C-alpha cells in the first residue's frame, strides 16, 4: 500500500523528515507517534500529495508520487482518505453536505449518497446534527464530521491525524471500533495520535515513532508504555 | 471569582445549558468535564461574554454579565483569558505577534512586551518558533501559541478549553506545570478537558461535569475514574 | 450531463454569494463595454456614410441673387430627375440666412433681414459618379447645371469624400488600440472579481481537491462564473446602447448632416457578447493559474 | 498619542493588504468625484459668466452693406471708448461670410464669394447697464449707436441674460440631487470595500475583541482606512480635473462664446476632499454597525 525509501523533506531550512524508510502492506493498521512538531502531519501530507516529494521515492496505493502529475492527483485522493488535524470541513455548510461532498465529486447518484451518509452519521452519533451548519457544532462534533467524511467513501487507505483530540473516552473508543470495522473490510489505516488509551486498546498493533524527523519501529505493548 | 445561578442557554431550540448553578472562589482550580456536545465550550463562551446571558444571573471577576454593555466587555476580557478549543490565533502572523497581541492592545510598552513574550515562549518550548508564521506550525505548536497568548497577560481568571488535545504526554504535563505555577500566583483556572492523565496529576482537584446541559460536582479521585 | 448542468448552476450561484462584489464588477464591465459599443456604433455609422457616399460627388449651384423664387422653384423640381442625381438639397435666400443666424447662435439677430436676404439661392446636387471616365462626366455635369436658367456659378468638390474617408481611416486606426484597451480593462475587472472569489474560497477549493474532486470539477464553475459576468455585462451594455441610440437616432438628421444613426448590426452585438464571455473565461483561467 | 499614530498607520497598512480591492475602490471614487468636480466646475463657470454679464446688455449694430472697410474701421476703434461699453466684437463682411461657411460645414464652398460678400459689417457691443433707469439708458444708447456714420440698424437683446440666468438656475436646481447621488455612490463604493475588508478580517477582529481590545482600538483603524480612501480618491480626482481644465481652458475662448474656463476655487477643492473623507468615515461606520 505504501512504500517509501529515503524520504527527506524540509520547509526552507527547517528539516521536517530525514531519510525516512517505511513500508506498509495492504490491510495493515499502523499508529504514528511522536512528540509535537516531530513531522507526523508533514508525513501524512506527503502521502496524499498535498506536499511534493522533495527527495526519495514514495509510492502510495499504486501511484508513484514522484511522477504523478497535478492533474491526476484526484485519482490518488479517491483511494486515500484523510482526517485532518484541523478538520478542514466547510464550516458554512451542513454536516450532511460536508459528508456527502466526497461522494458528490465522484459523481455518485443522489439516492446512494443519501443512504451512505445517513449510515455513517448514525454510527458516529451525528444523525441529530445532519442538518446543522458545521460552524454551530462543538469541537468534538466537528472532529466526528471530519472522520465521517473520510470513511464514507470506503477508501483503500485511511490517514487519520489526531482523530480523537477533542473526543471523550467513550467516543474515542467508538471511533476506534469504526476504524477496526473498516480495517476488517480491508482498508489500510494509519493513525497519528498522542492518545495512549486508544493505542492500548489495540494491543500488538504496529507503532512507528517519528522523532526529530527520523522514524523508529515498534509495537503497542499491552497495558504498558511504548 | 465566578457566581452563576440558574443559567440557561439555548441555540434556537437546541438547549445547551439547563439551570446551571456554579460558584468558583478566587484562586480555585477547576476541571470541567463532560462528553462531546455537553455544553462545556458554550459555558466558557458565556463566561467571557462571547455569548449573552439569556436566562439566570452570571457574575465573573466582579463584572455583572447581565448588565455589562458591549462597549465595556473589553475590561472583563482583560481580566479573563481564554484558550480556545480551535485556537483562534492569527495564522498569517508570527508566533511573537500573536502572543504580543493582548499586551499590545493594553498599550504596554514595547520593551516590556518583548521581555514577557520571550519568557512565556521559552517556558512552552516555542522560542525556536518565535518568528515563524502560525500557519507554518504543527497542530501542537499552534495550541501552545494559544496557551501562551492566554497566560502572557497574567489574568485573574484563565479559561482553557481542551488545551492539550494536540499535545503529547510530556508537553501536556509541562503545560499543567505552567498552569499550576500561575495558580500558585493567584490565578483562578478552569480547564475543560477529556484528558484523564492531566486530571489524574491534580489529585483532589475540583471537577464539575456537564451532562446534557446540567452540572454535577465531584473531585478527582487519585489514580481512579471520576 | 447531469453533472454538467449542476456545475453550471454552481458557477452562477457561487457568484451570488458575494452579491456586492458581483454588482460592482457587472457595473464596471457594463460601463466599459458600453463605451466600446458606442465607439463601434460610431465606426459603423461612419462606414455607412462612406458606403453611401463612396464615389459620389456634390455639385454646388449658385443662382443669381436677384432671381425670383418662382423661377428657381421649377428648376429645383427638375433637378432630381437629372441623370445620375442621387440627392438634392436646396436653400432659398432666407434658408441660407437662417443657417447663418444659427451659426451666430442667436447672438446676432438677423430676423430684420428676413425677406431681403442678400444671399443667393443655392442647391447641393449629389450625383453618383460612373465608375469610368468620372472626371469627364463631372465636367459635363457642371456644364449641364451651368446651362440651367440664371445659374451664376457651379462648383464641385470631390474633396469632401476624401475628408470623410480619411477620418474614417483615423477611426479605423484607433479601433484596435481602443478595443484592446477596453478588453484589457474588462479582463482586469473580471479577473479581479474571480480572484477575490477565489481568495474567499481558497479553503473550500483546497478541501474539494483533498476529497478527490478533479481539476475540471473545481475549475469549470469558476469559468462559468467568468463567462456569466461577461455575458451579463455585455447584455446590459447593449441595452444601454440601444437606449442611447433611441435618444440620438434623429439628432443628426438636421442640416447640414442629414445622418440617420443606425444601431450596430446584430452580428456585431453577438460578437460583443461572445468576446466578453471569452474574456471572462480567459481572465478566470489566469486568476486560477496564479 | 503613540497608540494614536500606531493605529493610524495600521488603518492604512490594512488597506494595502488587499491592494486589488483598494485600487478598484480608489478608481471608482476618483471617477465619481471627478464627475462631481467637473459638474462643480461647470456650475462655477456659469456663475462667473453670470457675474460678469449680470445686468449687461448686448447691442447689435448693422452697417450699410455698401460701406467701405476703411470707413467702419475708425468707428469700430472708437466703440470701446464709449461710456458703459464693456466689450466689443466686430465682423467684417468676409468674417461674417466665414461664419456662414463654417455653418455649412464646408459642404458649400463660399470661397468664391470672398471679397464680394453680400453681408453687411456688424458689431456686438456689450454694455454695463446702470442699476437705475436701465431702459431709458438703453434707449439712449441705441440712439447714440444709430447716429454713428452709415449705421443701418441697431437692435438690442436683453433676453440673452435671461436665458443664461435661467440655465444657471436649472443647473443650480440639479446641483444638489446630482451631488447627493454622487455622494451616495461614493458611500456605497467605500462602504463596500470596507465591508469586504471586514469580511476578510472578521476572524481577526473577533480575536482582537477576545484578547481585550477596546472598541476604539478596533474601529479607529477602519475609520482611518475609510477616510484615507476618500482623501486619496478626491486628490486623484482633483488632479484629473486640473488636467481636464488645462485641456479645455481655451476651448471656448472662440466666437461667439469668448469664455475662459476657470478652475474651481481652492475652497471648493478643499471641500471636495473634506466631504469625501467624511463620507469614507461614515460609510465605514455603517459597515461596522452591520
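Order as written gives the chain letters A, B, C and D; numbering starts at 1 within each chain.
The working rule: contacts are C-beta pairs under 8 Å (C-beta built on N, C-alpha and C of every residue); 3 or more make two chains touch, one makes a residue touch a chain.
This structure is a prediction, so every number in the text was calculated from the model and none was measured.
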Going by the touch criterion stated earlier, list every chain that contacts subunit A and also contacts subunit C.
none
Whole-Å gap between the CA centroids of subunit B and subunit C
69
Subunit B to subunit D, mean C-alpha position gap in Å, rounds to 63
Note: subunit D sits from subunit C at a C-alpha centroid distance in Å of 28
Edges wherever two chains touch, nodes for the chains themselves; is that graph a line, a ring, a star, complete, or other here?
ring
Complete list of chain pairs which touch one another:
A-B, A-C, B-D, C-D
What residues on subunit B touch subunit A, complex-wise?
11, 33-37, 40-42, 85-86, 136, 138-141, 144, 161-162, 165-172, 194, 196-197
Residues of subunit D defined as touching subunit B within the complex
3, 203-204, 206-215, 217
Touching residues of subunit C toward subunit D in the complex: what are they?
20-21, 24, 28, 58, 60, 62, 65, 96, 99-100, 102-109, 112, 118-120, 122, 124, 153, 155, 157, 160, 163, 189, 192, 195-196, 199-200, 256-257
Contact set on subunit B toward subunit D in their complex
48, 50, 70-71, 73-75, 77-78, 82, 84, 88-90, 101-102, 105-107, 149, 153
